[in-house]
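These notes are about the structure you will find just below.
In this document, chain identifiers A, B and C correspond to the written order of the chains, with residue numbering beginning at 1 in each.
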Amino acid sequence: MPVGSVILAFVLGAVIVAVTGGNPFAAYSGLLCGGTGLGCQGGENPALQISTTIVYVIPLITTGVAVALPFRAGLFNIGAEGQMIAGMMACTAIGVRFSSLPAPVLLPMVLVGGMAAGALWAGVAGVLKATVGAHEVVTTIMLNYVAQWLLRYLIIGGPLQVAPGTSKSLPIGAGARLATILPADNSLIIFGLPASVYRVHTGLLLALAAAALFAFLLWRTSLGYEIRAVGQSQRAARYAGVSVARTIIVTMLIAGAFSGFAGAIQIAGVDHNLSDVYFTDTTGFDAIAVALLGLGSAVGIVLAAILFGALHAGGAVMQADAGISGSLVFVLQALILFSIAANFVGQIRRLIPGLGRPAALPPELPPAAPLMTEAADPPPEPA
Amino acid sequence: MSDTTPLAVDMRGITKQFPGVLANNHVDFSVRHGEIHALVGENGAGKSTLMNILYGLVHPDSGEIVINGKPAHIGEPRDAISLGIGMVHQHFMLIPVFSVGENIMLGREPVTGPDLYDHAHARAAINDLTKRYGLALDPDARMGDLPVGLQQRAEIVKVLYRGANYLVLDEPTGVLTPQETKELFVVLRDLVKAGKTIIFISHKLKEVLDISDRITVMRRGRVVGHLITKDTNEEEIATLMVGREVLLRVDKKPANPGAVVLTVENLAATSDRGVPALKGISFELRQGEILGVAGVEGNGQSELMEVIAGTRHASGGRVLLGDRDITTYDARTERDAGVAFIPEDRRGTGLVLSFSIAENSILGRERAPTFSWRQFVLRLVAIREWARKLVKEFDIRTPSIDVAARNLSGGNQQKVIVAREMGSQPKVLLAAQPTRGVDIGAIEFIHRQIVKERDGGAAVLLVSAELDEVRSLSDRIAVMYEGRIVSIEPPDTPEERLGLLMTGGGAQKGAA
Amino acid sequence: MTALGDVLHLLFTANLWQATLAAAVLLLLPALGGVISERSGVVNIAMEGMMLTGAFFGVVADLAWHNVWLATGVAILAGGLMGTIHAVVSIQFRADQIVSGIAINIFAGGLTVFLVNRIYGLQDVGHVGQSELLPYINIPVLDQIPFFGKVLFQQNVVVYAALVLLVLTHVVLFRTRLGLRIRAVGEHPQAADTAGINVFMLRYGAVITSGLLSGLAGAFLAIGVSNTFVPGMTDGRGYIALAAMIFGKWTPFGAFIACLIFGLGEAIYANNSIIHISPYLLSMLPYLITLIVLAGLVGRSTPPAADGLPYVPGSE
């Protein structure tokens, strides 16, 4: 079914391109080249394309997890972007401030710092939801904007700026950098380019570990059991003695930590500093599509992350070669989302999206009204 | 009764297949003008489906409907309404935040000017109706604030406002106090005098014998009996409903109560709506006995169970387990201490419907040492073994322990909960409405299990709205009314006395 | 001059409140759409995307045909089209309404940039001429009232329209038969269905209306307040409108009050050259205010009872 959704989306996308006077084949071959290094016609280096794709994929895996975990609790984490940026900011701040510390100390510090910042960012939304019932869709989106403006403040005229007039931060210390998978050696030539050009870094392993941890947490632990129970039936969870409010907060904290981790890995592995590149970043939003397309499973998330990472890498080539805006990728993403959503019929979410203290039962009918009759009654007539 | 007058409602050869279930199998159902006709059967017998077909909510695969001699095509409720059929649903189709008037008028609202809702006209029309049929109602009251009996009355006025001549009432007395039931029956008889015809769906045999003129019995999608009320009795109807001799009483040895295991002192609590629900409850529960709590729903029984089980906060008083004060214990700690709880809402509270049987088998105990290592990592092998054991011991009909709970029948769902709670060898078993909506075979099984627990030394607190169940299972009966225990009676106390106590009268013990 | 002193000084100028009302209207229109949609039981977080689409097509039409009224009509219809997509996916296909809403927003964002590229190549979208923008109208006589004259009666035509729509929405929802039915459908669709009301039609109508209103807001934004299309120019207003709706307890006037508060925040930010705080920190103001507002609603707000639940006929 997810595969069908993807195919359908591509077909509709081709129609949109054709209708507006573009060439869908050129567009898609550009995507294919940029994403997978296959069929490149503009002289691009296939290995480089694959490497670029992988760099995109890495944060998508972890942020995909950051969205998928709260889904299981019945929460929509639209704030993965803001949480990731919070992680980036923390990682950079720590990496700059303590830049002289050696790697075995500094690297864990920046990664943990990123996780903490992300957890804090998501925790605010979690606490608001658990105590006041504030809808997490609105609060996480607000926090996204706050994070983005904070980022601008920090590196444009603010404390992390490297030099006046630029919009970049100081670089993080060498100890905070994640090693690349290929040695950064200019004399080593791989597929026609010096090895240092390939930016694939060990963060890939960390991201995969995060996905595995997510699966373990959700299916093999009592906490994961309780998270799923809360997401499926708050009343049953309360009956079981689970504190719904506490579970919501813990879930958001963990999710934020995953996003923050993604941000920290990104800085530590790729950029080594903050810059305006992240003003228009959309990883956290892509993560929503990743989580949904991946059907909330670790393996699915990794596969979906590969798809969307490839699409984004492909977008740049598509724009250069076929002259079609990279934003087509978002159109495709939205089409995939529609496709999935229309098939899922509320399986993902069971909560009514509204407010109200989590601890109170909604008194809809008078207390004496009988409950639903048992399942032996015929099921409702299929539409 | 002349045979040349057309039947009010004549349904012939109705067949309806749902996925996996043949709900109606060539059903013939006919009702004469001016009679109160009872449609009787167990849950799943097909009576609701048949009436949904009559009302246009469901389309039959084959068969025809003839109303007052004329063939009718009923494609949607609008068609049924225009034919004079009115339905009062089991789960009220009322909007709590709207007024009585707005609820009654919905779909037929009087308007003035450019679509402005005409409050005055609505009020006048309702007052006219309520006077004509003797049903007092305040059109401006907020529906959610009314007691259940009046809400039902609003439902009846709703169908009358649309010109119903043939009223279908689906399990109307489940939510009513005995007094309200009496009032309803008076209303029904008055409506018949005014020329209406009534179809009364119920599984409460005593009431059916009280109010109806004729009875149609359904079982598993078929009509299995047409009876004339004055010529039949409870046993005959029950046998037809179930298909075999029904054991209306449970076989049990006399109780041998031991030490006091649960003490409740002056317990007070508030309901979800902020109103006091428990106003000072005190009693003792001993090992090896079943204490049944009788009472009409809504008098605090639910809250009592929830407070003892730890899912509701007590506002005063104490609960002691042996010597331990467990008043403030949460549900998980209570379970660990040996208090098991079969909740009254099996689908919403007792189970996570999308979880498998295996996963549901540890609901509430996922952090117990047997099921998780260091309270964190689940011991999947142990959990599966446990689930298999429960399925075997409690005869849960399922192809595997990985089936989702929602795919089980109601009786089997309840068995999962019962198995889980009893399987933990509790000291105290709290059972709230343990056999509601469950088929007779499962009811007998669950009753036997409850008695078995008692005989094994557990202390059982049983809450049920079914007086028969309470009387046949309990060793002592506590009657609750308006948040207090009015009296504790022996199990062979006559029903009339219990009914009186349940509605607040006759609190002197032993009065004849 | 301290920053706080700057702000206080600002609060006493009519200019600020004039700007506040205008900013509030940009939020009010989608908020009204949200109220109508959710009152009928459909969660709608797609206002952002519907507004953006309206903004884009409004600009395109204005640049092409040089007629602001026609362009506004196009913008409204474009918003309505997006609303229709949300309606079909949510109501017909019973998709999760939040996912559908987010998909619309992503779709709108991507589609608008894609079309900018298709239509205008890699250059900017052009600027609409002064005479082809939605006009500001000074209401004679009333606009001479000191202070209030400037605030209330020297506004853009869309502001007046929005205030009329505000009153209209309130009257329709709470005084008419149509409004009663809309609310019934949002509270208890089974009850409405058994009463013979067409649940689907009412929900479709409500959601499409929210699209039309958001489209109008988009037009005001792109060819009223500004004069061109910039990708993502809605800047989260659609989401803030959601918060306003929740704060206003799903009532039109309640939402309006919230919109005024947010509008005030925006108006203050627009004056950031006067107030000496980093513009980036000031930019956070509307979003922080939203968070604070939401935090202050201690579980008081309840949405319509059937909000967000797809309706399945015949189920209990």
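Points worth noting:
In the analysis below, a residue touches a chain if its C-beta (ideal position, glycine included) is under 8 Å from a C-beta of that chain, and two chains touch if they have at least 3 such contacts.
Predicted model, so just to flag it, every value in this text is computed and none were measured.
In terms of the distance between Cα centroids, chain A is separated most widely from B.
Set side by side, the interfaces A-B and B-C show unequal numbers of C-beta pairs in contact, with more at A-B.
Note on chain placement: the centre of chain A and the centre of chain C lie 28 Å apart, centres being C-alpha means.
Taking each chain's centre as the average of its CA atoms, chain B and chain C sit 46 Å apart.
Of all residues in chain B, those touching 2 or more other chains are 58, 91, 96, listed in ascending order.
Those residues of chain A in touch with two or more other chains are numbered 360, 364, 372-373, 381. Each of residues 305, 313-314, 316 in chain C touches at least two other chains. Of all residues in chain C, those touching chain B in their complex are 175-181, 183-184, 187-188, 190-197, 305, 313-314, 316. Residues 43, 45, 85, 89, 93-100, 102-104, 106-107, 109-118, 236, 239, 242-243, 246, 278, 280-281, 283-284, 287-288, 290-291, 294-303, 305, 307-310, 312-316 of chain C touch chain A in their complex.
For chain B in complex with chain C, the touching residues are 52, 55, 57-58, 76-78, 81, 87, 89, 91, 93-98, 102-103, 106-109, 111, 114-117, 158. Contacts from chain A toward chain B in the complex involve residues 220-223, 225-226, 228-229, 232-233, 235-243, 360-361, 363-379, 381-382. Looking at the complex, you find that chain A touches chain C at residues 16, 20-22, 76, 78, 124, 128, 132-135, 137-139, 141-143, 145-146, 149-150, 152-153, 156-158, 285, 288-289, 292, 324-325, 327-335, 337-338, 340-346, 348-349, 352-357, 360, 362, 364, 372-373, 380-381, 383.
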